[in-house]
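Below, each structure is written out as structure tokens.
Two complexes, one shared chain (chain A), two partners (chain B, chain C).
For the complex of A and B:
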């Protein structure tokens, strides 16, 4: 279970998140809907241990995160993967698409064979893999970002407005790939979007769609926090 | 290349040749046989192949298709904004009453810079927040857009018409929300009072309410007598505003139809697949993947992904004025 409890985040004097909580059980897809600017992306960053909140704590499979960013232990950091809304802002423009997908594998000293497999699975043709981000479309780049997110077989995947920039066929394809990964790996997926039609469809059946702001139930606070 | 004259339909699928056929009262953009190639060291990218469509004042044509199909390249070709390794052939006539037609493809950069961009064609860019200069206020950028083409309206009035308060203009781009940046971009596009608005993915990254507002704004521009070419992958946005829909696949326009007919029942199997991918419909992706634009298959480019394909599809299908759908086995239109 990926949990966040009583998360509060301030930017300057503005409080963007105020006591927000959420729980994503493994093997399920949880949808989170809300208008733009409400703090959905901030919550996603906190859950992926990329941003330190002013208060609150994140628990990954029972282990409370002792820190954020590089202060978080590697095995916790790599357990949660994040797909960003704007692929162009989420990649190094000097890397080729192949290098983008391989980066997490290299950083963790794992064999890079998986990158080619993932590229194939996500519909990236070999000629695209040698190109740099400015030479491909947003849809193609986002496919690479999904491949990168899946490279380390994360136990939880957060998709933050993943398909907002994309055409409907790519959207349906990426959602199908992620759902296939969720089923095969038993991973938990948090799908964040303002598109309620998409979320209803994505989480239809097994998952559920939460309205903003999400609140976690009364869960006893673990001993170590923050 | 056949010639259709006097047919003031916006849905003509045939490539028309020749330039001096501006008979209609309304100004229009008539694109014929537009082809764009990019030359890479070891390959040629066939980004747009023989595109033909027209859009006239008071109408909105939505150009839809998967990402990477050449939609944005088309917009940039019309504005002469392609990089140096691009070759553009064919024609794109701006036909205006009382003025000689102007071919955007053949026009020199001087003409495009001084007469066309901003004055005849206004561009509403993709991700407006990234399009604005980060170190200057919205007002400075809008004022420049008014001053340079000699716009008729002062910045404040333009901003107000685009739904912005005058004080919003004194902000820097990073202080603007997505919707406000969108409105600034709209105001800048209208500064030179162009009759043709080219909206290149204007809804990217916006949430539904903002998409609705943006589409209402485009509709208002149409109703004011402007021509709008909306380039989008967002079919629901297109449905809200378009009079006509052109579907692009692998650089070719494969179907042109009135919007109402199109959304009731598209005729090209690819178009049908796109609609089926909507979360409100079947939510199934089109099988396979788009072909590499460096290695287009012979015949119909959709053949490898198409359930209806057979031997006939080895011949490239052509659009005709009677049936503007480039397919040997089109679907029947539902009544």
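For the complex of A and C:
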């Protein structure tokens, strides 16, 4: 289970998150709906161990995270993958799409064969893989970002407004790929969006949609899949 | 019935003409600057091969001759050809400038990357060291460093390199701080990349244009420093032709009305400095996508 307890985050004097908590059981999709600017992305970064909160802690499968960013052990960091809202900002502009997908595998000294499989699953042709981010569309780039997120077979996947900038068919394709991965790997998925209709459709089968702000103590946890 | 006047095309044409003229002017100045540097570079490589000169040789019979066909830049108070010595001097000054710029950018780059990438106490400590170096007058510190060695080109290189790395360190640190906050660095950290991998794969490739620009701008500055140290008698040995030594020697002739021994070596500093500045500005415009689209380069 991916859990966050009593998370408080401040930017200067402004308190963005105040005692927020959430739990994402393995094998389920949890939707998190909230208006723009409420702190959903900040919570996503905290859960992915990329941002240190002022208070609170994150527990991944029973192991409390001892630190954030590079201070978190690599095994814990790679257990949670984050798909960012804006793919253009989430990729190094100097990398080709193939390098973007292979990078986590190389960083962890794992065989890069999986990158080609993932690219094919996500509909990225060999021609696209040789291109750089400015030479492809947002949808194609987000597909590469999803492939990158799945490369290390994370136990939890956080999709932070992943489909906001995409057309309906690309949205449907990416959601289907992530749901297929969840089913196959038994991973927990946290789908964050301001679009409640999308979340209702996405989490309709195996999950539930939480309203903002989530509280680990008050909000009933979604039932784990069987 | 109202009459509609289409003004878009003439305006667009005027804008296009204006951009075209500006683009041509930029290209002309870049070509001129590059051509000047290539010419000077060829001169410092070829002239010593085809016209070797013993720099210790004096010819008092031809002392302080004004510019003429035989001596286009005249001769100095020792009867040595100012043009030949200026080319020899530029060779030494360019060597000092290039190596000193490489040394200072290398030191500054390492300090800046370490400070920016590690952050926290390491960043604060390194930046206080930078502040400490900046609080001292560079020339004074350079003189102190040169005074520890015998006068030589290497002493000047060490002096300039050790006093001018702080600018590169600040540029690199600020760029790394800006890169650190970008989502793709977050994605790399989340993907299990260690600090060294992030530096190698993401920071260094992004920093190369900045380091290149810093080094390019440092070359004329290093030449100026070498000139200043030589002018003060602390740089290169007096018999060795360097632009600083020549200007220093030329000031004595200036009082006797001979302007050429100091003015021409001065132009040999000024012209490459301006040429480098033009090329550096052009490079900055080209590497900044916004400026590039504005100028339609």
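One rule holds for everything that comes next: the second predicted complex is superposed on the first by the 217 of 226 C-alpha atoms of A that agree within 3 Å, B and C clash if a C-alpha of one lies under 4 Å from a C-alpha of the other, contacts with A are read in each partner's own complex, and residues count from 1 in each chain.
Just so it is clear, contacts are C-beta pairs under 8 Å (C-beta built on N, C-alpha and C of every residue); 3 or more make two chains touch, one makes a residue touch a chain.
The structure displayed is predicted, hence computed values, not measured ones.
**Q** Touch test for A:121: chain B only (first), chain C only (second), both, or neither?
**A** neither
**Q** Please indicate which partner A:90 is in contact with in the superposed arrangement: first for chain B, second for chain C, both, or neither.
**A** Only chain C is touched by A:90; chain B is not.
**Q** In the superposed arrangement, which partner chain does A:200 touch: chain B (first), chain C (second), both, or neither?
**A** After superposition on chain A, A:200 lies in contact with chain B alone.
**Q** Quick one: classify A:179 as touching chain B (first), chain C (second), both or neither.
**A** In the superposed model, A:179 contacts neither chain B nor chain C.
**Q** More residues of chain A are touched by which partner: chain B or chain C?
**A** Touching more of chain A: B.
**Q** For A:166, decide between first (touching chain B), second (touching chain C), both and neither.
**A** first
**Q** Figure out whether A:152 sits in contact with chain B (first) or chain C (second), or with both, or with neither.
**A** After superposing on A, A:152 lies in contact with chain C but is clear of chain B.
**Q** Between chain B and chain C, whom does A:18 touch in the aligned arrangement: first, second, both, or neither?
**A** neither
**Q** Once chain A of both complexes is superposed, is A:104 in touch with chain B (first), chain C (second), both, or neither?
**A** Second partner only.
**Q** Overlap of the chain B and chain C footprints on chain A, residue-wise?
**A** In chain A, residues 86 are touched by chain B and also by chain C.
**Q** Quick one: in the complex, what on chain A touches chain C?
**A** Those residues of chain A that touch chain C are 45, 48-50, 69-70, 74, 77-78, 80-82, 84, 86, 89-92, 94, 103-104, 107-108, 145, 148, 151-152.
**Q** Touching residues of chain C toward chain A in the complex: what are they?
**A** Result: residues 182-184, 186-195, 197, 201-202, 205-206 of chain C touch chain A.
**Q** Note which residues of chain A are touching chain B in the complex, please.
**A** 35-37, 85-86, 123, 125, 127-128, 136-140, 161, 164-173, 175-176, 194-198, 200-202
**Q** Can you list the residues on chain B that touch chain A in the complex?
**A** Residue positions touching the partner: 43, 65-68, 127, 177-178, 204-210, 233, 235, 273-274, 277-280, 283-286, 289, 292, 294-295.
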